[in-house]
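Two complexes, one shared chain (subunit A), two partners (subunit B, subunit C).
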Partner chain A sequence: MTSAVYPPAVPMRARDHTESTLSRVIPDESELTAGITIRPGRTYGFFTDTSLCIGCKACEVACKEWNALPAQQIGLTANSYDHTRELSAITWRHVTFIEQIEDNPGCRANRLKPFQSHWLMMSDVCKHCKQAGCLDACPTGALFRTEFGTVVVQQDICNGCAYCVPACPFGVVEINFSDGKAHKCTLCYDRLKGGFEPACAKSCPTNSIQFGEVDVLLTRAARRVEKLHALGVDNAYLYGAPGTAGATGGIQQLYCFFLLLDRPEVYNLPVAPQLPSGRVAKSLGTGLAAVAGLGALAAVLMTQQSKAPRPGRKR
Partner chain B sequence: MPSLGATFGRGAATMPQWELANSDCVIIMGSNMAENHPVAFRFVLEAKERGATIIHVDPRFTRTSALADIYAPIRCGSDIAFLGGLIRHILANDLWFKEYALHYTNLATIINDRYQDVAELDGFFSGWDPESHSYDLETWQYRGEASPQKLEENHVTTGEPYSQKLRRISSGAPPVDLTLKHPSCVYNILRRHYAAYTPEMVERVTGCPKDTFLAVAEALTRNSGRERTGAWCYAVGWTHHSTGVQIIRAAGIIQALLGNIGRPGGGILALRGHCSIQGSTDVPTLYNMLPGYLPHPHALKSDATFKEYLEGQTNKRGYWNNFPKFAKSLLRAWYGEHANDGTEWGYPWIPKIMGDHSQLPMTMAMADGTIRGLLLIGQNPVVGGHNSRLVRKGLGNLEWLVVRETFESESASFWYKCPKVISGELSPSQIKTEIFLLPAALPGEKDGTFTNTHRLVQWHDKVVEPPADCRSDLWFIYHLGKRLKALYAGTPDRRDDPIRHLTWDYPEMGPYNDPSAQAVLKEINGYTWPDRRQLVSPEELKDDGSTACGVWIYSGVFPKDGHNQARSHVPDGPDGPGTHLGWGFAWPDNRRMLYNRAAADPAGKPWSERKRYVWWQDREQRWTGHDVPDFPPDKAPGYKPDWSKDPQGMAAIDGDSPFTMISDGKSSLFVTSGMKDGPVPAHYEPVESPVHNLFYHQQNNPLAKKWLRPDNPYHAPADPAYPYAITTYRLTEHHSGGMPTRMVPSLAELQPEGFVEIPPELAREKDIATLDWVVVSTARGSVEAKAMVTHRLRPFTIDGRTIYQVGMPFHFGWHGYATGAIANTLTAIIGDPNTTIHEGKAFTCNLRKGRLPVRAQK
Partner chain C sequence: MQRAKMTTYRNEARREIYPAPAAPLPAALPGYAGHGYYDLTPIKHSHYKWNTALAFLSTQIAGGSQIIATVADLRGQNRRMVRAGRYLAVAGGMNSAAILIAALHTPRRWYNMLRIFKKSSPMSIGIWSISPFTFFSGLAAAGQVAADIGYTRSGNWAGRAFSLPAALLGSVAIAYMGTELEETNMPAWASAYPLMAPLYACAGVSNAAAALLLFPMHNGTCGATTASIKKLAFVSGAAELALGAVLDGHWRRSAEASAIAQSRYEPWYRIGFLGIGMLGSLALRLWDRFDTNRSRVSNAASVLKLAGAMVQQTVLVYAGQESGRRARDYFAYTREPKIGNNAEHADQPADHAKKSAGSAGKDRATRTLPKARRSSSRSAVAWGLFACGALLISAAVLRKKESSR
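And then the complex of A and B:
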């Protein structure tokens, strides 16, 4: 009786490991928890379905615990229940809260659309772009594409130049000033190598964060959008799937893509992100033109100057 | 829990959490499920995936509301008005499930014709005695007989005692009119009782728009019946009221009328607050219960001897007829060979209670110097207890206090860190309490079980040894007991017998001499005496002393040596029935769904193919199905007691009466005894309310437990000095009293400070913006916190007046990374009459912009 859209609640392999005491780690644990086998050479990512998010922030905590990340500066913000503010060098999952309780001024709704509505919650993360700006910008090779298709920073190689920081159209990468290196989500590279699904996806209680092979996730996500549309949630759309918002400007595709229920900017996501490299030709041309123009101007000025009477000596 | 006990027989959630996925309509009310039970909420979303309607009824728009299809806002404390409206809607429009309710509830039973209702007596039921401030339950009985239904009514101290009533129980079938014509049958009583609860009145009292209320009623009734089922989820948003038990009763009536109990996807899911709160009432930490819901002997009742106790508790009809088996096996487990006829089975060694010894009166007894010492284990009452100043006064008046915690809590540090000391008003030298802070182990550092919200007992292994001097609570209790036994081993006094004769023989293991938690669980399960073979089920228990059992309802959790069923992890596969009988152990007897006989019609056939669960197998003459049947396995659906033979126990229960813990086997829509404050729920305002009761002249629950004293003052109804309604609550990110979550950086940063949620309309009036400091005051005290102005809170129009409501989470204190004022400084000590649970979900306050002077922050 499980919905076709989601992996079965109890995968078949769950019956293989019923002993409480195990002599070793369960091989390919992700088969039990996410229903998939992780193999190098394939491309993995997240489908974050905000329509199922309850804003519990388990993903934020699981990420910090697994990756041993410290807490941020602690304090109340004016952003609803979001007090970690944004993705940063030490916050790799971040849940955004957007209150839209009023339908119209003075009117709060009681009949709501199915699944999430009126208080939007979205767990943001590094998008692991197919064409990644950070990767293009990195001069040292510290950023690299892993055997799972993800983008990871190697802090032992990173020289802290921070070129990757403005190169990310999503504002994901950040330099941690305690070590001077770039940091961001690794899609739990260490876990993937051990056959575990990433910590955030494993901890998500409502399947809002789904981990898997990107192509499988894309098919599932497309069906999900169709289903939501059929249920009257006509505002549901994908952000970052090929050909959708978020996959613009040369990025091609976000391996960690989203199902959103309002415009991207509402979630603090760029409407039409672009790779900086896409602007290289243009800026190179502009730069060259500027140099040529300035050169010409200088030449003109110099010629004129040599012809002009010298004011100081006029008298 | 007494309400579910009185209505259905057992004080526990009727369904497993995962059954919600099979529900066609899930109503969450009195609970912020997505925030406080996020893992269970996945099953709500699974139901939604399959097309169910999700409804959230709540004073605040929360993370739960965001995922709902209908959000019905109600003013805090107006729940019974809303639920009563639903009952009226169901009855007036004839939407109840006829075959189910007629046969499985006491809807057709005729009540004493001297019974009078609140509708006639303006807020009182018949039997009210203003002198003793209590009800005489005589007029609430079935016509022509005493009808004691449930053991828990033992605690009704009013009127005729349960034990006396038991002697008058008649030996015939209860008086029933299946045509429902009799004016005194429960059906007609309910119709008259709820006639005033019209949709218009619901809107006037609760503030919920009429069309929203009707949308809820329509969704629920459309999704109930043969083919469809609906479920209710509630939590402490219902229990923390002076009418808490009656609120839950109202939901019980709705579910029984609609045929939503004991059926797949149907039920009432009591979402319990902590990971093993169900276990703590089963085993229990309650002052008035012995393990397995056996009433604690009472000094002022006829409990003097074991014989009297057994006679006074053994109901002639129903499963509780087995009471002597449970009681005797318990004493055998406790006192071993010292339990025999000569010692009255050790019964005299059990201390007798004298009244209400629950937390609220205990707090005052400490403040008054009656209680001189306290062991505080896993609780932080300075933050979590009501009227925090009075709690601090009480703790500061003790001679000694032992706090076992993972971190130093406010309850251990109030003597040098509370605002009164910081402000210089009080000096630590004036607090005489000697405080011992003992470091405790966290769950991963000890073996043991959790009993979750649906009675599922699950074992967890120790992962690491606790650091330094940290020890488990089991270690502490065991070694304390061992030292007490050594202390009293050689004394000549008979009064020391209870300790001397106590069985205390758990094997010790590991570097710190931890007692074996498995051995404790084996004792809880029970064994034969004296050869110590593990029992496989409560059916094996005997009343001749040949069995020992620590908690009779847990029998079967450890059915043989080396087989710890709580540690079993065998789920059903994707094609299995989905009851997961191999996963852990659910009491009683590993049943996942209680009262599941009701999943079949009176003849034993499933109500529908879609809702098939447990049914009568004609060929084998047995009950069978996906779950363990909650009924005698071979009792045919057509069985009728032969009243001429004076049938006892289960023999007096019909083949079509699924509620076997109740003496007539029927779900009690009308509770003849067991509820102190009325047989049918009626709306009363909270003790502190911004409005007057629009239904009756009687403002509050007449039996609400009040302790009016200078250090616990109350506000008058509609007091202009305290014009706002206020509710307190929890957040996903923190645990109750904030231990240990406020100490964990990655949790603390998620909700870093206390705050007050304020609707924008009120904020505009008071010129308050988000993050401004505000002061919230009640007669008990004032606190300051930052404002969170949000449309999630809304003004209510109550009887034409605008009523504002604010809210405050109560986790915060002065310790840890996440700090804030203690919201419970504001609350008063007021209790539900049946359970003495505090009223923290609805009271009144004042609010202003600004801060408190340092000296005033107490």
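And then the complex of A and C:
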């Protein structure tokens, strides 16, 4: 055991292993953990299969560990087992706990369905939209599209204008008031560059969060939906895949898409989100047309006044 | 190589904007129950506050003043009015720029907004209109100063040369604010498309005219110009009132804007802005009869107009923020057809079937719409009667004043 003196900010468990037991970083580690080789120029994302989620929150913890994010809040929300409430500037993975107990509504349940089938759980994350509202809205270029197809905020560019916040149709990106910058999931951009699978997907014990190339994931997801339908789960569907709910209003596709078992609103997802930036030209055009009309009116009024001088007019 | 790949990727993405409507949700799913996840909002609300509202008003006055001053200069109107417009433009532009920079969460990096231009970002358009607008307005004002201290010909020439680009940029500056609010996912703002930008444009001209009419230099010395600006203030104010009333009706009948139509902001919007600010100032303008002289009535109309404008900006900013906190408003907004080819959404067939069948499970939003529409019709009739009454009273007062002369 080392006898080095650490600053108080370094937690006890981090002091136990100060050096890696490996002699070097494993090259292309994702081949071992996710079965894919990460290469720039390809598009990567998540397929989150909520039929497999058990609500262990390993993804939340892994995300906070890798990205050094603090705890969201200390306290009980009374929202089932969900005490992080929502995605935020310091919570980039959030597990929703949806209790579907129809018996004795509003009170403690008397009878529960077997096999915990009254639970829906989903690990929510930034969707890394193909057409991203936050990316279109950012006036500084702090938000950019990476070589892996994901959307990332550069905190050294961001000036905290916060216009990306209302532009996101999923409520993902948020300002951190302690540093005055926008923050959101990076899909572990640093790990991808090093050939590592994102921390949340790597930590998922049930493979509910699957990482990979988006096209491969879409094929896999379609097969999974077919399989669930064959098993009698008729309410399984994809959210965010091209042509499905969630990929509407100009968004086209969510690179992090979901297999859901109930209506999107139940998971706090909109059925038909809109990409706001698709209407900028039309909106500004109508405003400019109104200005032009009033400017022309002003010219006419002033011409009339020039032609017909009134008493009291002086030049 | 990497750049080429990214360009190809971007072009491919742009080409496919507005794809076919989404596939329907599985028929096995139940209808929308009227609530989401523990009533938590699925989006994050805007962080605009009163200072943003103040900056918007300042930009409106600045942009509108420059436009009016430039038109007046080109039409050979009174120089005092042109001077007032140019000074007001540069003061308003600098004021709004300072407030907007201070409103950033990291103000020391404000210049990062000037490193790129994005036509997809209304805020980028705004920055790239306000910054050069203030610059050219400053040059035009400098020309005016030169003219005032004796270099009349060169000063007037420089003032006109720089005020032309400033007026064009000012047009964008007063219109972009409506676009900036509209092009977000705050239900109250986004559902106002496409009325918000013209509303801000009309407000820009009418507020600038009201502000210019408060300048003391008009009194008796530039009567014709004063009269024409009063008429401009009346017409642009009437257009603003019409757009504001239409928006009010839309918000009342839609299920997306309960933050405005059913909240503490409603009386402020309807009485403060539409009633006192707009109808009150318009009635006073009629009473004033577009007189060539500055009068107390005209000044009162201008003060009412500017006070109503501040109420309007503040209500719009805070109500939009509030709408971002209401999950039901957002779900209502994202369930209705809005733009492009997305006119039909996934769950509509199921919802329509349920609506026609009159099943007990139909959602709350569709159930409340007819009532909201009835309420909106009553509201429109009430507003119409109120406006007619106000105009009749104004006309009667005018006639009495005329006969007494």
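By definition in this document, the second predicted complex is superposed on the first by the 242 of 315 C-alpha atoms of A that agree within 3 Å, B and C clash if a C-alpha of one lies under 4 Å from a C-alpha of the other, contacts with A are read in each partner's own complex, and residues count from 1 in each chain.
The rule is simple: contacts are C-beta pairs under 8 Å (C-beta built on N, C-alpha and C of every residue); 3 or more make two chains touch, one makes a residue touch a chain.
Remember, predicted model here, so these are calculated numbers, not experimental data.
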item	value
Subunit B versus subunit C as contact partner of A:A272, first or second or both or neither	second
Contacts of A:R15 with subunit B and subunit C, given as first, second, both or neither	first
Subunit A residues touched by each partner, larger count belonging to subunit B or subunit C	C
Partner chain in contact with A:L76 - subunit B first, subunit C second, else both or neither	first
Which of subunit B and subunit C A:T286 touches, first, second, both or neither	second
Which superposed partner A:I54 touches (first subunit B, second subunit C, both, neither)	first
Partner chain(s) touched by A:G133 [first = subunit B, second = subunit C, both, neither]	second
Touching partner for A:H118 - first (subunit B), second (subunit C), both, neither	first
On subunit A, the residue positions that both subunit B and subunit C contact, one per complex	80
Of all residues in subunit A, those that touch subunit C in their complex	40-41, 77, 79-80, 82, 85-86, 96, 98, 130-131, 133, 136-142, 145, 147, 149, 157-163, 165-175, 177, 179-181, 234-237, 242-250, 252, 262-274, 276-284, 286-292, 294-295, 297-299, 301-306, 309-315
Of all residues in subunit C, those that touch subunit A in their complex	2, 5-6, 9-10, 13, 16-23, 25-30, 32-33, 35-38, 40-47, 67-68, 71-72, 74-78, 104-107, 109-110, 112-113, 115-116, 118-125, 127, 167, 171-172, 174-176, 178-180, 182-186, 189-190, 193-194, 196-198, 200-202, 204-205, 220-225, 227-228, 231-232, 235-236, 239, 292-293, 324, 327, 330-331, 333-335, 338-340, 342, 345-347
Subunit A partner contacts - residues on subunit B that touch it in the complex	21-22, 34-35, 38-39, 41-42, 45-46, 48-50, 61, 63-73, 209, 212, 215, 459, 461, 567-574, 576, 578, 582, 731-733, 745-753, 755, 770-771, 786, 788, 790-792, 794, 817-818
Subunit A residues within the subunit B interface of the complex	1-3, 5-6, 8-12, 14-15, 17-21, 52, 54-58, 60-61, 64-65, 69-72, 74-76, 78, 80-81, 83-84, 99, 101-102, 108-121, 205-207
